[in-house]
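So, here come the structures, one by one.
Note that chain A is present in both complexes that follow, paired respectively with chain B and with chain C.
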Partner chain A sequence: MRALLKTAYAQDIRLFRYGGTGRLVCGLLFYAALLVIAPRGFLTAWGACLYALAFGIILLRRDSQDEGGSAAFWYGLLGVALLSAPLLADDYAVSQLSFVLTYAIAGIGLVLLSGQAGQISLGHAAFMAAGAYTEAILHNAGAGLLVSLPAACLVAAALGVLVGLPALRMRGIYLALATYAFAFIVEEILARWETVTGGNQGLTMDWPRLVLPGVSYGFESEREFYYLVLGVFAAALLAALNLMRSATGRAFQAVRDSEIAAKSMGVNVAAVKTTAFTISAGLTGIAGALYGHLLFTITPEGFTIFLSINLLLMIVVGGMGSLHGAVFGAIFLVVLPQLIASFRDLLPPALASQSGIESGIFGLIIILFVLFEPDGIYGRWVKIRAYFDLFPLYRKGSFRRQRRTMASERDR
Partner chain B sequence: MTSWTDRLFAAIWRGLILFAALGVLAPFLLYATGAMDAMRLGFYIQQLVSGAAIGCVYAMVALGIVLIYKATETINFAQGDLLMVGAFLSFTTIGIFGLPYALGALLAVAAAFLFGILCERAVIRPLVGEPAFSIVMVTIGLGFFLRALVGLTPGWGTDTFTIPTPFTDHTVQLGPAIISQNHAAIILLTMALCGALYLFFAKTKIGVAMQAVSENQLAAHYMGIPVKNLFTLIWGLSAAVAGVAGLLLAPIAFVHSQMGFIVFKALPAAVLGGFASLPGAIVGGLIVGIAEALAGFYLPQGFKDVAAYALLLIVLIVKPEGIFGESGMKKV
Partner chain C sequence: MSLLEIEKLEMRFGGLIALKELDCSVEEGEIFTIIGPNGAGKSTLFNIISRFYDPFGGAIFYRGENLLRRPSHAIPRLGIARTFQNIELFEGATVLENMLLGRHIRRQTGFLSELLFLPSARREEEAHRHKAEEIMDFLKLEAYRDQRIANLPYGVRKIVELGRALASEPKLLLLDEPSSGLNAEETRDMAFWIHDIRDLLGATILLVEHDMTLVRAVSDRVLALNQGRALALGSPAEVSADKAVARAYLGEDA
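And now, the complex of A and B:
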């Protein structure tokens, strides 16, 4: 997916650039109704009536909105819903929501690295672990959040530089392998360095404290902590949006699309990759710190290659082309195990008692997404939106991707 | 045009090779000077041989990865799980059906070949021409799926099994060391397999066509080589090699649904060998296996597990093109 780059900063940084979100929501409801009533589209009479109705609504709404205004309205509504969630939902739901936001922060970091800069990382669990352990050690030593959270970010980012440094000499798949070797070593260090990390028993931590000169405030419950996570998430999102628009963000895209072209445009490829790793690792470190507080107990076993793969799965399923993808993917990552658990009761007992079935379904979902929905959930969202924006003109091939005849990393 | 960093890294590389050679030979020298007794030396040789044996298994998994990488430029993270499936197939033919070892092994490897073809047709073929990242993700997903599939197959499941072999529980005396026949068989069979593969790639028409595809897909296509069908064959070949590896690994590490994680040791081996070189993969696998044995011999517990990754990081930083790889850097 290509980003739209305008020239004026004010234009680029506008949060609600695209109108038509209201139309989209109407359209989505309509789409759902269509799927239920008339799976074959407007070939049936019911479908035709619905199409006429929805098209009328869409046309009516099109007159009444200015560009971006309605997007602002719907995002505002989402914001209100998120802010009021702790007042309405129960503890469990709130903590799950915190997990979604935490994963989404890590997802933003990974989208910047993989989606924007085109680097694959198989070692993001290490950055998450670095953040979580730094936070735990500093928190248990009595430091406040304003010290420990930036420290967690910095430690993870420093590790990111360390991983990004080999980027000076290698690229593509080699870099991915370096990250994964690195993650294994970090995991082993966490398990062996018992005086600091508690070895395989790990470390425990409770809710964080906010210590300012003169004021000290301790978070006391899931609900209070949720607001912290929400705040950090919003800040991370805005920072990432801003970054993607900046010269650095454009350099990321240039490196992703062609290193040789980027080099000839004067982009310092190695520096850009290292920067991407640093920023991504820093964000992931922050996510790790919050994750640690949510888990209470952190052990090396929580930060294995499988967490890295889960994070990667998250952005593949969500869609790497956009920050939306990180959020969709995070929702997916939290909801899927629960869906599987609830389906488990429907399976025959011999099958349901197998422990491997979850990872099997995970694997199947990765395969199906890459085969049939390569742009992820966000890609589907964009396609549905385009369907309604272009209403009678949308064709099946509108989003067909071009295939390269020669798949060669060597010549890129 | 060589910069001072290139020269520096080349010097470091030579130093590392010297250091490694010293590490391997030191106990022999110590024994020769009388500083080490025969028992300790025997123990060292046993470690070395078992390291080489497990290294051979890494080498074969790495070989499968490199085969697929050369042709399709994607890394097959499911290679370890293909090994796992291969091991279960030989468990079925030898352990469950009770066929003689050689016949059962042959059947299992043939079945693994077909299984590789099936995998390629089902999930990889639709993605030919897509970005490498997509295919890497699919292979990761395939690995997860295969693990669950084996766990759910009746008769296989998540338990651990052993395969009876003619070599089990026999030993050979080699100087002061007592070598398990299992280890000896692994090393000899790997050598035989390498020879067979060499003949296949050098002498047969299909082998040469595979080389052509891995050099340049488009040119191969213009020459009338059915590139996509060759991809399928390469996957089959790679799965068959994994099947042999699974068969050989089975006597020294039980057959179970998690044995595919060996791929995480085979990847460093492949990188060590340059990732696009078949002999390199073999040498890389041996180096990783022996490095683990040395780390287990010289260093405190724990270093053995990270030896492969430490080695990988060092090689990636000092000599990213690997031992056998040609430098692929393009200057603008």
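And now, the complex of A and C:
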């Protein structure tokens, strides 16, 4: 028994406990290369399906007998599906998918900050804005993506350091208010500093360019841009996963659970909080830059408190205990307004014509989730999966509900 | 030179005097126990050493270095680890993760190599896990390895907290009432572990304890405190025979 447990510790740090990361990455890269090289129209929907099948069987299913099944297999299929989406779906669906991935990047930043480090923020719209405006200004000045995207990240991260400062002294509701105040100031600046930000008119931007020494490539359509978003999303996800499985991620968790114990383990609490805000803001800034390109026109109205609340809603609904939550939440955030819109026709006209109905439903959903499913959609998904895995044995108590705390209210 | 030297340490909370001109020194390699009735100031002393409280006056030297000049998060880096009377674990994390957090000060890799999870980061993670696994083995915690603290019974948490402190490979270990809340068998285990920690891991131990059986079983020297003042210092037998100590515990006026 012990020998069995002891071999497990090298597995814990793998991305997939039962292996397959290397094959997953190779397979996806190969497929991506195929998409680039193959002549247009060569890879159709059927080709994608065939590839997915072959990829799955040859590369991944080999170790499906392993205990726990092969998580890599399912993520591999998902990866093929995401890479194939522009072949299968129409422009509108592809752009919606880009929105999902963009929100998910910001969501990853928020999960790190709120779920992992326990700090609340109602100021993330400001980081989105910082990213979007930096990108717009640099892009319109002729800079390529390799300059503007890192710059958007850095500007937002610098603001993150600034917002992290109150976090050193405040927590809970007070921190929420402080970050909100900050976002409000940023919004005002965007509206007033007309020479740079275009005031209430905002700025417009078209698809970005990728400028490398010698080559220059301009994105031209929704579909091409989608691949950029997908790539950035994958990189952000990987970086976040790496952080969470190493000392920095654990230090976040320590600060969330008990500041006093964190200090007594040598964690520099102030530095960790600042780091958490910086990373989260930087990621959100990157999301903001992509968001700007998707919107074409950015105005201060696009980055109000409602965006902050939507971002927070995203991880509450998705589940902030895991990065999966960011993705589930992002899907929710994009799909829900459309669902509401299509259900509107079914409502009695007096109700349907009310303007606040969308925010009302959003609010209601937050409340329901907080009350009944604090672990979010992802938490529910885990439970459903456990139900089938354990089938006749599953009992209601299998998941004891855990107190979910934002940063500990105890100090000393 | 003693490992830890406490000189004229004075602590007040408002009008309450928690420590009054306390002098004592802990030698390298010994198990030094502080006893005293409730409110004697034992935990306060620990919290000053951890730099959670700023004392009113006096000084603490660790290997000749003034501890009071350092912030609390720098203390573990000097080789001082501690546990808390009321258990301060990371509740949302698993036992293993708590152990790994105990090794926080041992991290070598930088932020960037963690972000990319370079081979150096992977090697370091594996080394940390190896060490954590060793400690869980030592304290018989393997069975709880992947459980969250929130789901563990009190007695196990107490031991996890000891493990987390050990994970940092301390030179000086501060244990605040390690046996409180443990049953008789667990307390006996604790006595063995305390000996082993000193003998096998080479740590000096500063202990606060109420259970006199445990105190007698492990201590080299005992200091009795009452209302922030030192009453008696000596071997366990000497201190428990001391009249002033008996009076303090029985609550009679001097």
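The rule is simple: the second predicted complex is superposed on the first by the 334 of 412 C-alpha atoms of A that agree within 3 Å, B and C clash if a C-alpha of one lies under 4 Å from a C-alpha of the other, contacts with A are read in each partner's own complex, and residues count from 1 in each chain.
The working rule: contacts are C-beta pairs under 8 Å (C-beta built on N, C-alpha and C of every residue); 3 or more make two chains touch, one makes a residue touch a chain.
Bear in mind the structure is a predicted one, so any value in this text is a computation, not a measurement.
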Exercise for review: Report for A:178: first if it touches chain B alone, second if chain C alone, otherwise both or neither.
Suggested key: first
Review point. Of the partners chain B and chain C, which touch A:250 in the superposed model: first, second, both, neither?
Key: second
Check your understanding: For A:266, is the partner it touches chain B (first), chain C (second), both, or none of the two (neither)?
Key -> second
Point to revise | Residue contacts with chain A in the superposition, chain B compared against chain C | key: B
Review point. Given the touch rule stated above, what does A:371 touch, chain B (first), chain C (second), both, or neither?
Key: first
Review point. In the superposed arrangement, which partner chain does A:258 touch: chain B (first), chain C (second), both, or neither?
Key: second
Check your understanding: Looking at the overlay, does A:363 come into contact with chain B only (first), chain C only (second), both, or neither?
Key -> first
Exercise for review: Check whether A:239 is in contact with chain B, with chain C, with both or with neither, and answer first, second, both or neither.
Suggested key: second
**Study point:** Shared chain A contacts, counted only where both chain B and chain C touch the same residue
**Key:** 260, 263-264, 403-405
Study note, to complete from the structure: Counting only contacts in the complex, chain C reaches chain A at residues 47, 50, 52, 72-77, 81-82, 84, 88-93, 96-97, 100-102, 104-105, 107, 109, 111, 114-117, 121-122, 125-126, 129-130, 132-133, 137, 142, 145, 148, 150-151, 164, 168
Review point. For chain B, which residues are in contact with chain A within the complex?
Key: 9, 72-75, 123, 126-138, 140-149, 151-152, 158, 216-218, 221, 257, 264, 267-268, 271, 275, 302, 305-306, 308-310, 312-313, 316-317, 320, 328, 330, 332
Review point. Which part of chain A faces chain B closely enough to touch in the complex?
Key: 114, 120, 165-166, 169-170, 172-174, 176-178, 180-182, 184-185, 188, 191-192, 260, 263-264, 305, 309, 312-313, 316, 351, 354-367, 370-371, 374, 401, 403-411
Check your understanding: If you look only at chain A, which of its residues touch chain C in the complex?
Key -> 2, 5-6, 9-10, 12-13, 239, 242-243, 245-248, 250-251, 253-254, 256-258, 260-269, 275, 400, 402-405, 412
